[in-house]
Structure formats: C-alpha cells, structure tokens
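Worksheet: one structure, shown below.
The chains carry the letters A, B, C and D, assigned in the order they are written, with residues numbered from 1 in each.
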Amino acid sequence: MAAQGARSETILVVGGGIAGITTAVEAAEAGAEVVLVERGPSLGGRVAQLSRYFPKLCHPTCGLEINYQRIRGNRRLRVITMATVAAVTGDRGAYTARIETRPRHVTARCTGCGDCARASQTRVPNPYNYDLDTVPAAHLAHPMAYPMRYVIADSVIGTPEADRIEAACRYGAVDLGEEPGAFDMVVGAVVWATGWRPYDAAKLQPYGYERHANVITNVEMERLAATTGPTLGQILRPSDAKPAKRVAMIQCAGSRDHNHLPYCSRICCLASLKHAAYLREAYADAEVDIYYIDIRAHDKLESFHARIKADPRVRFIKSKPASISENEAGDPVLHGEDTLTRDLYETAYDMVVLAIGMAPTAGDAMPEAALETDEYGFIVAAETLGGGMFSAGVAAGPLDVSLSVQSATAAALKAIQAVRGG
Amino acid sequence: MRETPKKRYTYYPGCSSLGSAAHLDKSLRAIAPELDVELEDIEDWNCCGASVGHVEGGALPNMALSGRNLAQAASQAPDDIVTGCASCYLNTHGVNEKIKTDIRARRRVNEALGAADLCYDDDLQVRHACEVLVNDVGLDVIRDRVRNPLDGLEVAGYVGCQTVRPFADTDSGGRYDTYDDPAFLDNFAAACGAEPVAYDPKTACCGGSVSVHSPDKTLHLIKEIVAAAHDSGADVIATPCPLCQQNVEMYQAAINKRFGTDFHMPVVFYSQLMAVAFGLDGTAAALDQNMIPPAKLVDLAKKPNE
Amino acid sequence: MAEAAKTAVYLCAGCGIGEAVSIEALEAVATGESKASSCRRHDHLCDDAGVATIQADIDSGAAERIVIAACSERVNADRFRFDGTPPIRCDLRERVAWSQPPGAEDTQMLAADYVRMALAEAEKSAPPSGQADPGTSKTILVVGGGVSGLTAALESARAGYQVMLVERASDLGGHGAKWSKRMPHRPPYRLPQDNDIGALIAAVTAEPRITVHTRSRVVSTAGGPGRFLVTLDSGGTTIEETLGAIVVATGWRPYDATKLGHLGYGASPDVVTGVELETMLGAGELACKSDGRRPAAVAFIQCAGSRDPDHLPYCSSICCGVSIKQALMIRERVPDSSVYIIHDELRTPGTAEAFYRAAQAAGVIFMKGKVSAVGADLTVTVEDVLLGETVAMAGLDLVVLATGMMPNATAPEAEAIAPQPAPDIDPLAPILAAGATVPEPGSEDASEDDSGPEIGSILNLQYRQGPHLPILADGFADSHFLCFPYETRRSGIYTCGPVRRPMDMAESATDATGAALKAIQAIEAAAAGTALHPRGGDLSFPRINLDPCTKCRRCTVECPFGAIDESDDDYPVVEVARCRRCGTCMGACPVRTISFENYSVEMVSAMIKAVEVPDEFAEKPRVLVLACRNDAIPALDMAGISGTRYSPFARVVPVRCLGSVSALWISDALSTGYDGVILMGCKAGDDYQCHFVKGSAITQERMGKIAETLKSMMLEEERVVTHEVAIADARRAPELIDSFLDTIAEIGPNPFKGF
Amino acid sequence: MAGAETATYDLGFAKWVAGNISGADKLSMCMQCGMCSGSCPIGTQMDHGPRKLIMMIRAGMRDAVLSANTLWNCTQCYNCTVRCPRGIPVTEILQGLATVAVAEGHAGGEPTARFSEAFWWSLAKFGRTDERLVTSRFYFSAGLAEGVRKSRENLAIALRMIKARRMHLGAPHKIKRRKNLQAILAKAREIEARGAGEGD
C-alpha cells in the first residue's frame, strides 16, 4: 500500500477508447503526467471496431493513427494495457489506485513479427469482430493495435499449443508463466472513460436475434462493412453469405424502451443512416428501409439525414416493428404498422439490422462506491470522492465521437485543475 | 418413501374444470400427489369473469368476482393460490396485484365485498400451476418422478398467450419464463421423456374468446397453429391453456372444411403428458376426454390395473 | 552542418529482414558508396541491447547522426528516442521484408535504395534547433460573455491562467441570463432546473485572474499564439494587450421570426417566439400580449425555421427541449391548461428522453404533423400525420414558434452592411474569400477608428488571408474533424458553444472547458516553440531564404492556416507560432525559398537522386511514390503487416502532406530516369480528410502546372498520377502501385533514362 | 367511423378516459410507435389499431373511439401490453373502453357484447358459468332463426363434447352462497355508478 497522504500530480485515465485516449493525450500535451489504463490488449476501444464515422464516412483509424503518433511522441504519457482499476481510495491530489493486470503472455521484447501467430494451430473467438470469426491463439488485437504487440489467449496456456507458440518466438518475448498482478499507484486525479457495450440483442425477444441468422446488430454491421472484418468488407448475410441487398434497419432496438434502455442512445439513427450509405455504395441495386420512431439527426448532422433521405432507394418508415419471423428462404420478415399510412406490413428482407443502443459499462469497471451513477448507470456527480474524479465520453452519457472528444478534452482540464490544486 | 415435505396450495379450479377443461383439472389433481403437492379447493369458489365478464359486468363487478374468491381463500389458509387455467390466473392474479398496489381499488373492492360481510386485506400470492411446477417443484423432481418415459412421442409445445402474458416475466409472476420464446413447456415434455419439436407459433394467438363466439374471424390463426405442428411431424400438440386446448381441438373440422386440409391433430394438456409419464393409467390422465384421441399417448399409457 | 556530421547506420536483421536481404551487401552500400561513418548490424535492434549500442555510440561521439534501418517509423518511436539525436528511420521491414519475396535481386535493390535514400536524408537535414524568440504571453483572450465564454474564462483561470474576457453588451450572461429556468442536465433529468448562471457570473467577477471588459469589441488581432497583439475598443477607449491564445465564444442569435409569416408571426401579438415566451415566463404572471388573459390553450410549433431549406438547413438541436421546458412551466403556472407540441421528428437525445416522458406524464400533448397555416384568430391548421387528417385547432390563446439558432460567427449588427465570408466546405474557398476581403493598406489604419471598420468580423485578424475565422457552409465556425473538433484553421484560436454547433447550456459549458484546455496547450506550445496539432512537439519551422523569392505570393495565399503574411515589400513573413509545419508553403514555392531544417526541397531531391536507376528499362522500371505520412504510409505499412506483395520497382518517400510536394521533385525524378510518379494523399472535397485541410485539394490544382512541366519535357501526362488513399486502403494502395506499373509498361520507358 | 367525427383536440374526453378507465392514466405516455397495432393477431380486421385509437382519444373523437370495432377484435393476447416501450397496459384499456361502449349503447349487436351478456347472466345467476347455457343463450341472442342456425351448425361439436364428457348436461352448477355473490355484484355496480372521484 502506498504511503497515505503521499501527493501526486499524475492523472489516471481509466479506459483506452477514443474518450480515454483523448483525455490522456490532451492532458499530456498541456503538460500533465498521465497514466492511461486499458482493460484489453490494445487501445482503440469501440471506435477501432467501426468501419467508418458519420457523417463524413471517414475512417476512425485515421484519427487513431494521429492520436497514436501523439502518444508515441509524448514522454509524459504512459500506457498500461491488460489492466483494470480495482479500487480507488483517498482524496483529490492523493488517491491510491489499485491496478490489477491480466497476463498478456507476451513481453515488451515482442517485435510484432507475427511468427507466433503463424505457429498457432488453435483458433479462438475474435472479439474484435464480435466473435463473427476466429483468430490464432497468438494474435494482434487488430491491425491498428497499440501497442503493436501480440497477445496469447489464456485458453491455450498449459497446452502444447502454448509451447509451439513459445518455440516460434525468436526474441524470447513469450512468457507463459506470467501471472495476474496488482499494484498500487498514487495519483492526483482520476478520469473514468470506461465507455459502453452494445445492449444485449437477445433480450429483444420479438426480434428473434438468437432465432434468426439474418437478424444482426448495428455493431456487427460495422464489422461486415470493414475491410478488416470477417467478410473483408463485403456485406454478406450470415445464413448463406449471399449479398445483403434488401436490408431493414430497426431503430430504438432497446433504446427509448422501459423494458430495456429508457434513454435514447443518440447515435443509432445516424449509425443506421451511415449503414444505408454503406449498402448503397456496395450495391447499386441495394434497397434500405429504415424503421424509426423519430429520426434524431441532431444539429448539423441533419444534413447527413437529408442527404440519405434524398436517395429514392432508402425508405423511411415511421414504425416500431412488432416482431420478426422467418420465411422458408431464411429471409427475416418484419411485422408491424406503418403509422403514417396505417397499413399493417409483412415485409421480407435479405437481412435485418437492429440499431442496438449503448449500455454504460462503468458499472463493471468501477470499484464499489467510488462514483455515483444515475439510474441508467452513467457516471454523474463526477466530483464525488474528494473532488478529483471525473468522467469522459459515454461513461458520462450516450454521446457520439465528437461529443465524446469534447467531453474528454473538458475532463482533461478538470483533472489538471484537480492535480494542480487550482 | 420420499422425505420431501408436502407443498400445500389453495386450488382454484375455475368453471372450465366442470366442462370443457375437465381433463386438465382431472390430470392436475392426478399428478399433484406424485409431486408431493397438496391442493385444497377454494370453498364455494365463483367464476372469475374470464375474458369477457367485464364487458357486460363492468370493471369493478368483474374485480369483485375475484375479490370474493380471494377473501374466501384467505379465510381458509395463508397458502398460495394456484390455478391451472390461464384466464382464471389472469383475472385472479391481476386483481390480487391491483388490490395490493392500488389503494383506491383495494377500498372499492372491499366496499363491494362488504355487502356480504367479506373483506380481503391479506397479501396472498396467486400463481399459475406451470410457474409452481417450474419454481417450486422443479424440473429435476418432475424428471425424477417419471416411471414411464414417453419415448418417441413428438410434442409441439403450444403455450398460447395468457399463460405467459402479461405476467410470466414479472416479479409477481415469478419470472419463470419469457413472453415470446418460453421454454417451460418443451422442458416439461422433455422431462417426461418426449421429444419437443421445433415449433414457431409457440406463443401465437388462437383467438381466445373471439374464436368462441366468432370463429370466422380467427379460423386462419388456429389453422397456422395446427399446420405448423403437423408440418413439424408432431404426434400431439401440448398446451397449458383450457381455451387454447378447446379452440385448437374443436375447430379442426371447420378448418378442414374451409381450407381443404385434413387435420386430426390431438391437443392435450402438459398435465396429461405428466400423468402418463408418471405411470398413471389413461383414465387418470383423462385421455378419454380428448375429442381427437391422442392415439400414440394412449398406447404409451399404462392400462388400468396393469 | 550535416556534411561534417558522423553518420552511423544501424541495420536490423530481425523480423525477417535478415532472411529477405543480404545485410552484408547493405553494409557495403552504407559504408562503401555512401558516406556513412560507421555501420552496425543487430538481430534485435529494438531490444535493450540494441538501443544501448546506439546510445553508447552517441555518447562516445561516434554517432552524430543516426540512421535506423529496421522497421517502419510508425513503430518503436519510443524505443529509438535519443535526446538531441533524432534518428532517420529507414523501413526495411514493412516496405521490404514483409512485402517482397526474400532473397530476390529486386528485393535487395529495393533495400539498398532505401538505405541510400536514408543516408541522403541524413546528409541533407539537421535536427531542428528550435525557435529563437517564442511568444511568452500566458493570458487567454475570451471573446463573448455568455455561458460558453464565462465558463471558458473561469475554467482557464482555475487552471492558473490569466484571462481577458471581452463582452460586447454592458452585462455578462448573454442569452443564458434571460432564461427563467434551464433544461435538466443532472439526474433525474425530468424537471426544468433553476438557471444557475447568476452564480457563474458572480464566480467570474470574483475571480482575480479574470479581467472583464464589457461594452467592448476586438478591433484588431495580429501576431500568433504566445504573442497575439490584440486591440480592444472598450466603450470608446482603446486597449492594447499581448495575449497567448484566443477562445471565441460569441454564441448565437434567434432566427429572424419576421421571415416566418407563413407561421403567423406578426399576424397576432399572441404568436410569439420561444425566446419571447421566455421573457413572458420570466415576468411572473403569464399573460397573453393581446389582452393580458391567462393562456388556457397553447400550441408550440417546432422547427420554426430549422430543418427548412428555405430557412435554416440544420436542426437547432435545443428547440425540442426548450419547448418541453416551457410547456412544463405553463402546465405548472396554468394547471388546467391544454398544451400542445406540434413536431416533425421529436429530438430529445440521450437522457433528455426522460424530459420528454416527464412532459407526457404532465399531460402535454405531442402531435406529429406539418402546420400549414396559423390564422390571425390563432387557428392552427395541422396535417396530422398520425390521425391522417387535416386538423383545425381552434380556441388557442397562444402560439409559440420554436425558432432556431443562428451562429454569431460574424458580428451580428454588422451583418446588414457586411459581405459575409464565403462558406468553405471546399477547403480552397477560404483563400479566395479571405483574399477578396483583404483590407487595402490604407484602410488598415482606418480600422483603428471606431466607425465599425471591420466587415462584421469578430477578431479582425490582421492576416494576409483576411479578418475572418473560416466558417463552414452552414455558417458555423470552423470545426471539421470528428476526432479533433476544436481544430480551426487559425492556430491558437479556438471556438466553443453555439458559434460552433447548435448546443444547449450544459453542452456549451463542457465545450468551453475543452476549448480552454486547447488554448492552454497553444500557450504552452508557443512558449516551447513547438508546433500545434497535428505535429505537436515538432521544433522545425519554415525558414525563408529571400534571395530566390519572386514575390509570387503563392505561399502566403496557399497556407491553410494563414500563417504567412507579407512584408511591406511583399516578401513572405512566417508567423512561426501560427505555422503547423505541413510544408504546404514549400510545395507552393516555384523555387527553393522555403525549407525546414529536417524537411526541404533539397533534401527530398537528394533522396530521389540517391536511387540507382538501372539503364535497361525492360525488367527494371522505377517509380517514385510520394506518400502522405498520415494515411497512405500507414496503409502501405498495413499492407506489409498483412504480407501483401507489390511491385519492387516503387520507391516510397513519405511526405508531411501532399501539399508540401514540390513540382521540382517530380522533374528531378523524371530527369533522373524514373518512369513515373504517384502522389498519394488524403481525400479532398466537401468531406476532406487531409489533416492539413487542403493538401490533396491544392495538389489537384497544381497538377495542371505539373502537366505543363511534363509537356515541356516532351513526356506523357500519364507518367504522373495522384490518388486519394485512405488509411484503410491496405489492399488498394499496393494495387494502385502495381496497376500504375502496368500503365508504365504500356507507355514505355522514360526517354531520359541513362542520360 | 373516424371520418364522421373530426378531431378537435379538445382534451375533455382524454381526461375522462384517463380518470375513469383502469390503466388509462398511462395513455399520455404513448409515443405513437405503432408497436401495439403491429402486434394484433387480427389487426387487419380492426377499423384502427390501438395506436391510432389512442391518438383519437387525444383528439377528442369520443364517438369514433367508442364505436370502433377495435374494442371487439381484441383477442387479449397481451402482446401489445408486454411489448409497449412506454409500459401502457393497452389490453386493459381496450377492455375498459369496451365496457363503456356497451354501457353507452355503442356496441350494437356486436357478438362480443352479446356473448358477454350471456356469460354474465350465467355467472350472476349461478355464480359460475355453464358453458352450455351461455352458448345457447348467446346463439339465440341474435334472434330465433339465427339461434337455430347456429345451434345446428355447431351440433357436431356439441355432441363430441358431450361424448368426451366435457359438456355438462342437467342442472347448471351453482355456488352455495349465490345471494351473497349477487349482493357483492350489486354493490359493485352501485359504487361504479358513483363514477370516478366520488367517494374517494
């Protein structure tokens, strides 16, 4: 345990997604000492799993690349991956944070040469692609991984596979004996940027996400559209790898629903507009139907809405579909009421995309009682526990990327004020 | 003998137990002791109003019906009330919860009961027999009691609506299953050694009381329910609901007439499956009360004094 | 100077490089033909031992310049970091060993060329020595005293910085001060909250680090981060200050309701805007303007002016929340009232959904439809799309138009007389627009006097590119990058609040806090003499050698950040702290006037010429690839990482931005026998992705000139192509190179080969 | 039909419904998503789905709402109730409206209304419903000829039910304390007649 009362001007940032990265880099570039802790093997978080951003349809990896460069070029910023914050005690200017690490089984000697992956014979589920495919037991988290260092799946430790992998490394970078660890760190302020997870689609029973192969979620759609995804960027439906040309998007799949997420997740409308753009780009004859309650293209994003709406092959249907069945061809069939024509429809599609909402993960990341959350699990009263605790990005509320960056940049300043006793 | 202590419940048979769903009542009473369950009837119980009472009777009189049963049950024992009928469950459970949570409703119902010097101020639990089987008895015990596995019997588990909606996934309803894809019925069948078939219209609607008085509006719904079972190769449709059992069974002739089909799909209660699986004879399982004889189940059933 | 320096080369044989090429042969290239003073080989250079070797050589003076011939510059930057001796990176891994067949002759030639190029780079560049006299003011200028400005000022001060807060009006608070209540921004997000702006104003006034200037305007801004020279007109008196950075928080104004006659505005005093209603609600007893009666039936009409091609194209974001707030207040004041909100899309994003539910629970009626008419008797005719009927709502006492927000990107009162700056989604537009509004030398003095000299500009930048902050097509202040929303094209000047995007008070406060941080960064970077985003920490800056300068003004016009002014005798003058180090000026220059210590026309020319171009074409063509460091280079790296093979005949030179590409490099390449040149940059146009705003766009402009050059050399135009390459184009980038080589094969060899 | 009566958005009716029909206090929460209408098993046979009916209530279209066949085509599958994103007990509200429609004579010869009358007659008289008596009373409620026709039509079913010992013949099942049940029902009707608000 670090000496009580020890003071520190270091800022601890929890979570290595776009919000955490931004908080860390902006604070460090303003002169602060920063430690960035990420649960997984690489930085990047959810944005690294997106194919493109709305409304510019540009690639998240482009901004990530710049941020990685900023991180590499900054000595005041230290990144710890495979680590979580188990507890925080103390006060602003003198918190003691308990950091717990999980074994990566690959040391800093790793050059990223990939021999270990080539030697792997076991394949494990690939969370980067939401388990839509698999990767070798020794793998890189994703092509834009930071650090550019491999990781070995715990599942193969103690098997011959592990020995194969170890033998394949020419740089003695494999450490099969690595154990989970824990250490204390004295920091002056903590910024929680713990992000979100997609709401569990299986809970939307009438939509049969688990029963119908061709009902997928919006985050899975991102992976289908990504050149680094399981289909190398071709939008093919799961059941028979046939091009998905007639596609329905169901908005508020979980959001704005007292049975699920009572709040509006804000990004889903725009994400679906973007998915419509993906499909129209991929197939000249693609047809997209967007089922919605209200299209929430806030502020300047309205022009993106207008642009997609102008496409005659994208239809907007004001309706929350009641249920999805499946026909002989394995096509999902939507049932519901078009509230503007008052017709009851029964429409078959190649594929249906559920615009799943964002569920905060602060709950699982947070040490007990450290922070106060609202009824939905978003961090509020961010200045509780000694006035040096802040939240950034989706941990603070359902935000899009730009808003997350704003919130993260603001959090960086609040944290600097806290450590400098301003 | 087994040591498991008996579970006591106050039993509400409901009007259909005296007629269209006599075989549900009979088979339930038959399997109860096998599962160490003791049922004591609500003395002088009355009709719950079913799904149409309120229309003519009005909301409060309709609630008062269940109020009287609740008051009577409370005066007998503090035990939970169990019913096998979806409609009875819906009304009695619904009114009971309303009385618990809505002071105004509680006062108005009791004012009415006052006319017969009755009062319901307790907080009993009103539960569906299936929920009790899942939460109190448990699949293991059911499996454990099977002496005559229903080998090779293919069962289409038709849950219908009101057995699960709107209470199965609520706290007061015991959170024993889901609204759109419930598993309990297939689990019952499997526990009895039968084979549940994949069956889509699991929770489709048979038209309920509308089917009773205006089948012309709903025959197509029932047709889908029977057709899917037929196509999936099921030997029988099993259901927990009296009204479903009656609609799906008695209209098959009309369906064949209107749609040119040739359905003779037996529709039995899960409790009849259990009775046979527990080794009781066909009479105890009331198999002779199905309008379309469940031939295969009859064959599987132990013959009397066998 | 570089010639004297001892250059040490470190060849790494790890990660397959050793298998792919002969390290010995490369050592020969380094120490033999090239002028490396020493060359070491290592099997795991990035390991502690390898790094230690290098450090030892540096310490012993054996290595003054170091070339690390190993992996891509994008990895191990932290490992190969040596104070005072920045390494030259030579990529033999991603671009050779991982993308070429091992042991092949062409692979070896490729590696050798990269070593030669690296040594040429080492020879022709020097570590940046930094800036002589960086600006040192650490005071932040905040323009605008509304919620955003007040917050930016207070948060900056609380971080220890001095602030000068300038507000045009006589009181602080802006629009925010007029609201009786505000939308909820804390749990449970259900009820209107007290407007706490009073406390904010009090805190700002009490803060010793903040000096407030009300009734004041900025009449002129010169200089750059760390030394902005700002002149204020403060109620007639002129104040001059040197300031470190600027936050523009000039906020918004309501859309002009007189343009909404079709919604009944003007037809009756009881048709009011949301802002007017706010004043009525503040006045205590709620009363209709016409006859003072209590309104018992009120209808809100949403999107009054917003999301309407004839008015405002965008969604003003706050109107749904504001109307809900006002509806709830009316229901509270007049309990038996009927309140209707007529909307198209109801927008209460995020936790504001709870506010919507609260209004429903309170009995506010929401109708989806389009209002076709509002009569003088307040009858509102609605196409009720949910009922599918046209409904005439009679008996209303009050009709509220939820008018939208317009950004104060320019001084509002000057608008009538002022030509607006041209919107510039097209990154080339600002130059033309700004260029057009450059004050003539004479009028610049005039801008000292009080008669509103500036043409509606907020800061009246005394920049060669004009007085305005660039604005985007929808009239909002510059903010184009999703990942970097605070970046503007005027270094050290940040915008926040509704001038940037429609937003509510809570979001404005967050936004302002973020802007304050960026201002602080700008101040610290300026003091350290380093570049701002995206080349933070870069000490190099453009040095101007006036001898060859032809005063063509291209550099001053094309600089994306308005960093270069013109001296009285029309020579370029770089305001270093405004410069982002992209080198666009270098690319603009027809001669060799502008160069960085570690990046120059001469340096890249030397790298190009260092390549050995075989005389015989048939089997060995050569192609030069000038690739953007931000996207094209990572894309090629990714191709290597995934083991994609592509032509061994391409020689890749990373450039800071396509905008920095000098036409001279292309003629150098072609005159030394390369058969063609590929330029790889980022996406241009409306959704441009160039991190220096217009590198690709401007290159396309320049291609015309390049075509002329080709003609003059009697060469085919097809020999030089430009491509937009995104970072995700790991598969496409190599394909572009290969297909270009096919084209070259068709065109045939460069006739200059061998000369 | 809805067309006959136009929308005024006079909130009187909406307020009355909210105050007098069980569950209707939640009606104001409806966001018109259409989930309910889309969930109806025989929605195709409804004049308007529940979603539009709710909008009509807000619009003050009293007669159109109470004469909508929506009220009679609800099979009480409760899909709308469990799926409603705003937790509105749609089924319960439709039941309440049906009761009002009958009481105010909007039901006409609707089978549901006639069936309910027969049903209530039996339970009020005997304390239990005798399916045979209820059915025949319902058949003849539309006139003698119709009664005879229906009876014939369903004779086969009836016979099979009897054969299966699932149709009770002979004296109807009665509860013992009929008087006290009838007293309770009478009292309940009386309380309800007082209307909402009063006596509370």
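Quick notes on this structure:
As a working rule, contacts are C-beta pairs under 8 Å (C-beta built on N, C-alpha and C of every residue); 3 or more make two chains touch, one makes a residue touch a chain.
In this text the structure is predicted, and so the values were computed from the model without any measurement.
A count of C-beta contacts for the chain pairs B-D and A-D puts B-D on top.
A summary of chain positions shows that the Cα centroid lying nearest the centre of all protein Cα atoms is that of chain A.
Chain B and chain C have CA centres that are 67 Å apart. Centre-to-centre separation of chain A and chain C, using mean CA positions: 25 Å.
Mean C-alpha positions place chain A and chain D at a centre distance of 49 Å. Multi-chain contact residues, meaning those touching two or more other chains, occur in chain D at positions 31-32, 52, 79, 82-83, 86.
Within chain A, residues 206, 256, 318, 323, 339, 342 each touch two or more of the remaining chains.
Residue positions of chain C touching 2 or more other chains: 346, 357, 368, 386.
Taken chain by chain, the contacts fit none of the simple shapes, being neither an open path, a ring, a star, nor a full set of pairwise contacts. Contacts between chains, counted with the stated touch criterion, involve the pairs A-B, A-C, A-D, B-D, C-D. Within the complex formed with chain A, the residues of chain D that make contact are 31-39, 43-44, 48-49, 51-52, 79, 82-83, 85-87. The touching residues of chain C, counted against chain D in their complex, run 338, 340, 346, 356-357, 360-361, 363, 365-368, 384, 386-387, 389, 391, 393-394. Listed in rising order, the residues of chain A touching chain C in the complex are 18, 26-27, 29-31, 51, 53, 55-70, 72-75, 109, 111-114, 143-144, 148, 170-171, 226-228, 256, 262-266, 294-303, 306, 318, 339-340, 342, 374-376, 378, 380-381, 397-399, 401-403, 405-410, 412-414, 416-417, 420, 422. Per the touch definition, chain A reaches chain D in the complex via residues 206, 252, 256-259, 293, 318-323, 335-339, 342, 344.
Across the interface of their complex, chain D is touched by residues 15-16, 18-23, 44-47, 49-61, 63-65, 67-68, 98, 104-105, 107-109, 111-118, 161-162, 165-166, 169, 179, 204-205, 207-214, 217-218, 221, 250, 253, 288-291 of chain B.
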